[in-house]
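Chain nomenclature is as follows: A, B, C and D, assigned in order of appearance, with residue numbering initiated at 1 for each chain independently.
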Amino acid sequence: MNLGSGILKGLVETARNFVGSYYDPARLVTIQYPDERLPLPEKARSFPMLVYDGEDPEKGLRCVACKICEKECPPQCIYIVLDRDEKGRPRRRPRIFDLDISVCMSCQICVEVCPFDSIKMNTEFELSTADRFGSLLLHKMDLAKPASYYLGLHPVEAGQVNARLAAGPGHAETKAKPGAAPAPAAGTTSGATPAGSDRT
Amino acid sequence: MGELARYLVLAALLFGIGLAGVLTRRNAIVVLIGIELMLNAANLNFIAFWRHGPHPEALTGVMFVLFAIAIAAAEAAVGLALVIAVYRHYRTTNLDQIEEMKG
Amino acid sequence: MDIAFLITAAAILAGAAGAMAARNVVHCALCGVVSFAGLAVAFLQLRAEFVGFAQLLVYVGAVAILIVVALLLTRNFEAMHEALAFRPWTLGLAIALLVSGAVVSAILGSGLTGRAPSSAPVPAVKEIGDLLMTRYVVALEVVGVLLTVALIGAALVALREDGPAQRAKPGERGPVEGRPED
Amino acid sequence: MFDALDQLFVSLKHWLVGQLPAALQPWASLVISAAAILGVFMTLFALTVLIERKGLGRIQNRYGPNRVGPWGLLQPMADFIKMLTKEDIVPSGADRVVHFVAPLVMVVPVLLAYAVIPVGRNMAAVDFNAGLLFFFAVGACIELAVFMAGWSSRNKYSLLGGMRAIAQMISYELPLILSTLPVVMLAGSMSLVDITDAQGGHYGGWLARWHVFTPWGLAGLLLFTVAATAESNRAPFDLPEGESEIIAGHLVEYSGFKYALFFIGEYLGMFAVSALGITLFLGGWRAPVLWLEWVPSYMWFFLKLGGFVALFIWLRGTLPRLRADHLMNLAWKFLLPLVLLNAMSAALWHYTAQWTFAGAGLARWLLCASLVGVPYVVLGRRLFAGQHIGPRTYRMAA
């Protein structure tokens, strides 16, 4: 055994790391997050959102306020009030749709039980806020996202949903536009680049 | 007070304080600190006399103090080792509770 | 009297008084350090540079540390609630007062008081070294032997009586370490 | 021209002092020196903290701090503001006075130690005849500060950390002081200015006569560096901090500016001990070769200091922390015999200086080097004998 050779070997190794980190980009694997971002995988999810068709979130909302998700939600973070007209007849759309993302555990059960493909998972994750109660309780207009945005986030899944909506008469409001998927990048406000289907 | 006398008085007072501690305190380690203070008072006297004496170039006072410091260090080491050994037997460092000679 | 001397003297005496009077033994040791350091400064004022630094090195760096380590080993780090001093503590105080009073009066009564310091230069380390190797060489050897004996003696006295041999030495060829479990 | 540049700061100080009335001049001289030391080494401290973080980052293939200012250059400023604005917490059971005094006892002696270091030609604040002893004497006060911090916090981790630190510093003070012994022996002086002067002149007309170019000087520098690393509590000897086992030891209960003072004290201690190593073995402010003499002396000093600091950072990024018993074994069973032998080697070097036969230089070199080198191998083998070193398997590992 050569006394002290271990120390020298270690010093050489760290020196190689030190020098290498300046010219070898393969060594320097750090992603400097707010400036550089990794593309999100297809199945990334954060909290639910409500998908609407067309331009107007009030009219185009796929949700019919059936309240299945409200019942199924394990932490009970969804609160829905059915909208009624002046005579008290139901309007098949929610007047209030509140979702408390400080309670939500992203289990995706609401997505699975929704018969109208209305509630889907968002990928927006930069949700930190200084206001615990106001900003973390999302209302209907906060949750409403256009179908194009959904297609941008999860192209594969949204394509299947769109095909199903176009084909299936079993749904109450089949207003789905089969080939009318707008450019995927249209609504990517979160900055997450849409993941290709090859990543799934 | 003259130049020399003030150092001598300082040393005398220091010696007195150390002596008072040695005579009154119960804790063996505090007594050791008192002894060190008394030794230091003596050292101060040596240095003061050397500096005010007729032959400062002979360095006798300095030499004596250097040896005294070395011996004081040895004394502190042995003294504290004794205190620790005594503590193992009696579980105390109070001098008035250590009264038996039997181990 | 100059200010520097007064400050030094006050620090030395206050430190010593604190060391002898404090209730918490660690405070005693720390006050003692103030006194030792003040004495080092006094040595510097008397232009005994080498001795002053040696005082600082030995007393603050070694003796004080030795004392606090001994304090912790004897579990003396809490303030004491029992009596600090022996019962007739006034007797001890009286003796100390008597002794220092006698010495002070003797100093003030002697003819030495007015002597001024000599203006000899600060002794060079080389001179001290030369003297140690020539005139004081026997004393140096004796001190060396004394320190060695003190080192070994202190280690022996403080050693556990059951001896270190019986106890399992931690970390050295222990049966657990570095062996796969059978 | 070069001389003027070399003596720029010295003449600046003389000019400044000359502006003042004569009664104030000795004091002004001291104050200016102290202010210069404080300013220069505090700046160096800020720079070192940044460079250390960036260097360690690069060693681990990370970027290091790069967000505050261009290339993260303002990071020390941000750290400083953060430290100042943090809450100063004193535990309720703590000994308030000692807890407050401990950081001061840490920083003041370290700053005092710089007084005797010659950072350039004619650039030592004070030239004590026993300068080296002064350095070690004030350095000894740091142990007391560590004890005060550890004890006064009234926390078992801080007490354990403090005791660990004291045991380590006392053990390594011995090899540290003894490794400087050969230099004092051969220079015949304890004044650091004289020791630097003793390294003047050149071998063969070009290579400087630094002590490191002799066998005992090389061994002395290595031994000194190991002991100095331990003495300044730096990795791999940072057991007193031991964040994974005793959560920063004696610093647990310190926050805000008091913590910053400890931090400053540790770094300034590292610079001071590096500066001492440079002065003793690497020729102080002297240039390594004759044709580089024109570079100002203080530049050489700070260049060497930078090299030392870089070495410390490199070691910290490379070596894992020692175990407590290994630490003590290294100090008492390995370093101590070697530094004593090194002193003997230096004496041999001194007495073989008269050899004149052919090849005397080489023979002298080999003889003195083997006096330290052979025991190094023998001692090392003996200490490693019977120890299982290599990949380990653990009971709990699946």
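Assume contacts are C-beta pairs under 8 Å (C-beta built on N, C-alpha and C of every residue); 3 or more make two chains touch, one makes a residue touch a chain.
Computed from a predicted model, the values in this text were never measured in an experiment.
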Quick note, more Cb pairs in contact for B-C or A-D? It is B-C
Taking each chain's mean CA coordinate, chain A and chain C are separated, in whole Å, by 72
In whole angstrom, the CA-centroid distance of chain B from chain C equals 7
In whole angstrom, the CA-centroid distance of chain A from chain D equals 55
When centres are defined as mean Cα positions, the distance from chain A to chain B in whole Å is 79
Among line, ring, star, complete and other, the chain contact graph is line
So the complete set of touching chain pairs is A-D, B-C, C-D
Seen from chain C, its contact residues with chain B in the complex are 1, 5, 9, 12-13, 16-17, 19-21, 25, 28-29, 32, 35-36, 39, 42-43, 46-48, 50-51, 54-55, 58-59, 62-63, 66-67, 69-71, 73-74, 76, 80, 82-86, 89, 91-93, 95-97, 99-101, 103-104, 107-108, 112-118, 120, 123, 127-128, 131-132, 136, 139, 143, 146-147, 150-151, 153-155, 157-158, 160-161
Given the complex, residues on chain C that touch chain D span 24, 26-27, 30, 33, 40, 49-50, 53-54, 56-57, 60-62, 64-65, 68-69, 72, 77, 122, 124-126, 170-173, 176-181
Seen from chain A, its contact residues with chain D in the complex are 1, 3-4, 7, 10-11, 13-15, 17-18, 20-22, 27-30, 32
Seen from chain D, its contact residues with chain C in the complex are 95, 98, 128-130, 133-134, 136-141, 143-144, 147-148, 151, 159, 163, 166, 170, 173, 188-191, 323, 325-326, 386-388, 392-393, 395
Listed in rising order, chain B residues that touch chain C in their complex are 1-10, 12-21, 23-27, 29-30, 32-34, 36-37, 40, 43-44, 47-48, 50-54, 56-57, 59, 61-63, 65-67, 69-78, 80-85, 87-88, 93-94, 96
